[in-house]
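Dropping the structures in below, format is structure tokens.
Common to both upcoming complexes is subunit A, partnered first by subunit B, then by subunit C.
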Partner chain A sequence: MGNKLLLNSLKKYWVIAKITWMNGFTYITSFVMWRVRQIIQMIVALSLWESIFASTTTAFGYTSARMLTYIFAANIIGFIVTSSRTIGVSSIIHSGDLSLYLVKPLNFFLYWFSGDIADKLQNIAFSLTELTVLFFIFHPTLYIPTHIATLFLTLLAVSGATVMYFFINMMFGLLGFWTPDVWAPRFLFFTVIFFTSGSFFPLDIFPKIIVDILSYTPFPYMMFFPTKVLLEQLSSIEIVRGLLFTGAWATLCGLGAFTMWSRGIRTYEAEGR
Partner chain B sequence: MKTLLRYIKIWLLFAKQELLFQFSSKSSIILFFIGKTVRFLSFLLILILLKHNTKTMAGYSIDEVIIFFLTFNFIDLVSQMFMRGVYSLTGKVRSGELDFYLAKPVNVLFRVLAGSPDFNDVLIFIPFLFFSAWYIGQAVPLLDAVRIVLYLAFLVNGLLISVAFHIFVACIGIITTEVDNTIMLYRELSQMGRMPMEIYREPLRFLITFVVPVGLMVSIPARVLLGKAPPSLLLTASLVAFTVFLLSLLSWKHALKMYTSASS
Partner chain C sequence: MESIISVQHLKKYYKVYKKQPGLMGSLKALFARKYESVQAVNDISFEIEPGELVGFIGPNGAGKTTTLKVLSGLLYPTAGEISVLGFTPWDRKPEFQKQFSLVMGQKNQLWWDLPAMETFLLNKAIYEIPDAQYKHTLNKLVTLLDVKDVMNIQVRKLSLGQRMKCELIAALLHNPKVLFLDEPTIGLDVVMQKVMRDFVREYNTTFGATILLTSHYMDDVKELCKRVIIIDHGKKLFDGKLQDIIDKYAKNKILSVVFAKETDQKKLETIGKVKSFEFPSATILVPRKEASRLAAKLLEDFSIADLNIEEPPIEAIIRDVFQNGK
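Let's turn to the complex of A and B:
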């Protein structure tokens, strides 16, 4: 009986993921533009570093091969961690459409997480071809981890980062309970993420004091830390510390999101419907 | 002249409305200002860090690369200040609100492009302008009046290309009823101009110079200022800007004909 309930529940969210996958293709021009944007971001980062290493053999302690490999790996991890559909949460609250979700036998968080999973799968599926083309253009050194445990640890770091990113985005969406202006804080968040998550450059090019301060924030654990784990450039102690911080931030963000939800739902008046 | 004055008057009305609307949420204004400042300063910090770790980038010193970055920011900020309206076009097409624009005695393209100026960008534009003027004065030796006039002229040339791209985006918005990713793609492409075009490989460099000339938009004024733009390149840049602008106007006429007003 219990198994049947769980199976039915899983089926429900599987269907939601499938619908989200199909929705991604509704506006095909927009979909293509989105893919092109992803490639451009990566080309800019790779080209920038390639041109820097044209006049020097090492910069910031990195060789050309090591830097290009880092950028490549960080972007692959970024494709997984940062793809999300939760941008729609605030407008659903604002338009009053949230009522439609509340009367359904759905968990609001799991509903959006299922959508996120579909979005990530779409991102991975389409980025494979693009990454292959970029790989043959820029020739980054393909780094194969030497320990099987590295793959497991990377998976753990990426999963933690994914959950953390999901909850952070949910918190921005849930701000919609109190204010219609959720775009401004989201913009600030994305700006900070761009420079502090490690997608455009490895964070250890910054002076040590900045790296140390950043290590207490959630940002390096989104891309920089999982990438460093994958490339086996961290000591065991650094990995354990990083995983603990990832877990702690994911838990804190989760607590924040659930608190906002339980408080917000009490103030919700279904305005707009 | 009479028409120009009339449109200035209309724009001032739009601007006043938008100013009141945007300043109704003071926290948003502050957060946007902080976000844009952080973005500008962070990129500048990276360039300064590069200056201490590398000699040149694609044949340019890092000081010269900063000129490219400042020029990009000027064109980007001015475009966003005046043409933010394009970002919200899709909603108007889907809801049928565009019908109201068509029925009014104001040029529709003017209304779509310039109807919602962004005052968030004005706040950062003023200190940015002072900083840029100071930096250029410091970093460019032998700066004469001719070079300054040419720099300003090619900034206008770059802005013409930017206007053309905003018109193309508006056309796509009307035809496909979806503009979000297209405008972001334009932003992504234009940001390639933050750096000298020489850092990109062929055929990408050719593509962003002549096919989607975002490269010319930013790199020509910067190269003029640095005295690294041959006359033939200046002529090409002017011709490309004029052609792209003309093409965008033709596309706009075509897109308007395809508007079906289906949602209204």
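Let's turn to the complex of A and C:
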């Protein structure tokens, strides 16, 4: 009985993921532009570092090969963690379309998370070709992890980052309960992420004090930390600490999002009929 | 019989922010906002029994939609006790949600860029409808509404009428016991309005569903609902049989006359208020209680070819009720 319930529930969110995916294909221009943006970002980072390494063999303690491998890996992880559909949440609340979700036996968070998973799968599937092309242009050294545990730990770090990123986005979306003006704080947040998550450069090129301060924020755990785990450049203690911080931030952001939801839903006025 | 919907002393107040016009008003509002409490629903009570089809009528802003939203669990009431199917709606329990449906004429649940069939399949998963039940209900609804040919066409390519039919199917696939219809015929042409009405009636009898319907079109209510609840300014003005509204509120009757000979309008005005006069026809409004006496007087004093004593149209009575506030 319990198994059947779980199965039905899983099926429900699988169908949601599928329909989100199908719907995504109707907005193919947006999707292609998003991919172009991701690829340009990656090319800019790779070209930047290639030109720096043209005149020196090491920079900030990194060799050229190690840096390119880092950028390549960090961006792949970035594709996975940061692809999301939650940008629609605030307008759904503000327009009153939330009513359509609230009357159904649905978990609003799981609904959007399923959409996010669909989006990530779509991005992964399409980025494979682009990454192959970039690989042949920049020849980053492919780093094959030496321990099978590394793959498991990376998966754990990426999953934690995905959940944390989802809840952060949900918090921005849920602001829609109180203001239609969600764009500005979201923009500011993305600007901070741009410099502090590690997609352009490994954060350990910063002075130690900054690295230490950043390690208490959620940003390094989005791309920098999972990449370092994958490239086996962290000690066991650093991995455990990083995973604990990822978990703690994911939990905190989750609590924040759930609190906003339970308060917001009481102020919701289901406008627009 | 135990009621399926019970509303006791429902109140719902909104906090509304008031902005002065113009740019200065917007700037001022940045620093100090003035809020005002609006009583959307103010102490409404009613009970609805299983299988009833009740019309909920009132002018714009009367509180109809707010009440439906509270009953659907979208809004938390300011005060009052509400039970639908034995549940408190705003707890939003899945067992409750699987037994009712809300159709809003101005909100679409169909995925705009995909064929309606995809939304049906999604709802099948969301409501966890077993395969056999899904096929059976879908076939029945598709036949009733005659939309077999459009289910696999992108929703945005459909006409408003076709879309509304598909909206209804999406809302009814899980065989809800209680159905809230908020302006289901809005924007539809007269033919499509009739199709919708026939369907709602059919659904009510075939599935034994309890239906609460709001509409601006009196024809919807007249044709479908034996019982109506009239609200205005958040207050209930009337709850009972449609026919009883006439008995309760109609102050006048209409004498419809066809004259045999030319007559003078001035003289006609001694009978009652002349609403229209274009020889040989005239309509005269007379006090309800004196209708028979004045009709007799009319027959006596004028040369009449035909005379009918009619009730005023229900729309006019309800309009009077709203205009007079009671």
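Here, the second predicted complex is superposed on the first by the 273 of 273 C-alpha atoms of A that agree within 3 Å, B and C clash if a C-alpha of one lies under 4 Å from a C-alpha of the other, contacts with A are read in each partner's own complex, and residues count from 1 in each chain.
Going forward, a contact is a pair of C-beta atoms (placed from the backbone, for glycine too) under 8 Å apart; a residue touches a chain by one contact, two chains touch by 3 or more.
Here the structure is a predicted model, which means the values were calculated and not measured.
Colleague: Looking at the overlay, what does A:Ile43 touch: subunit B (first), subunit C (second), both, or neither?
Modeller: first
Colleague: Applying the touch criterion given at the start, work out whether A:Leu234 contacts subunit B, subunit C, both or neither, answering first, second, both or neither.
Modeller: Neither partner.
Colleague: Using the superposition on chain A described above, determine whether A:Leu156 touches subunit B (first), subunit C (second), both, or neither.
Modeller: After superposition on chain A, A:Leu156 lies in contact with neither partner.
Colleague: Going by the contact rule set out at the top, does A:Lys12 touch subunit B (first), subunit C (second), both, or neither?
Modeller: So A:Lys12 only meets subunit C here.
Colleague: Looking at subunit A, does subunit C or subunit B touch more of its residues?
Modeller: B
Colleague: Applying the document's definition of touch, where does A:Ala248 land relative to subunit B and subunit C: first, second, both, or neither?
Modeller: neither
Colleague: In the overlay, answer first, second, both or neither for which of subunit B and subunit C A:Ile92 touches.
Modeller: Once the two structures are laid over each other on A, A:Ile92 reaches no partner at all.
Colleague: Per the contact definition in the header, classify A:Leu106: touching subunit B only (first), subunit C only (second), both, or neither.
Modeller: It touches subunit C, and subunit B stays clear.
Colleague: After lining up the shared chain so the two structures overlap, which partner does A:Val211 touch, if you call subunit B first and subunit C second: first, second, both or neither?
Modeller: neither
Colleague: So which positions on subunit A get touched by both subunit B and subunit C?
Modeller: 27
Colleague: Along subunit C, where are the residues that touch subunit A in the complex?
Modeller: My answer: residues 14, 65, 69, 72-76, 92, 94, 97-98, 100-102, 104-107, 109, 111, 113-114, 118-119, 121-128, 182-183.
Colleague: Under the touch definition given earlier, write down the residues of subunit A that touch subunit B in their complex.
Modeller: Its residues touching subunit B are 27, 29-31, 33-34, 36-37, 40-41, 43-44, 47-48, 50-52, 54-56, 59-60, 137, 179, 181, 183-185, 187-188, 191-192, 194-195, 201, 205-206.
Colleague: Can you check the complex and tell me which residues of subunit A touch subunit C?
Modeller: Against subunit C, subunit A makes touches at 8, 11-12, 14-16, 19, 22-23, 26-27, 96-97, 99-100, 102-106, 266, 268-270, 272-273.
Colleague: Show me the residue ranges of subunit B that touch subunit A in the complex, using the header's touch definition.
Modeller: Listed in rising order, the residues of subunit B that touch subunit A are 25, 27-29, 31-32, 34-36, 38-39, 42-43, 46, 49-50, 53-58, 172, 176-178, 180-182, 184-185, 188-189, 191-192, 195, 198-201, 204.
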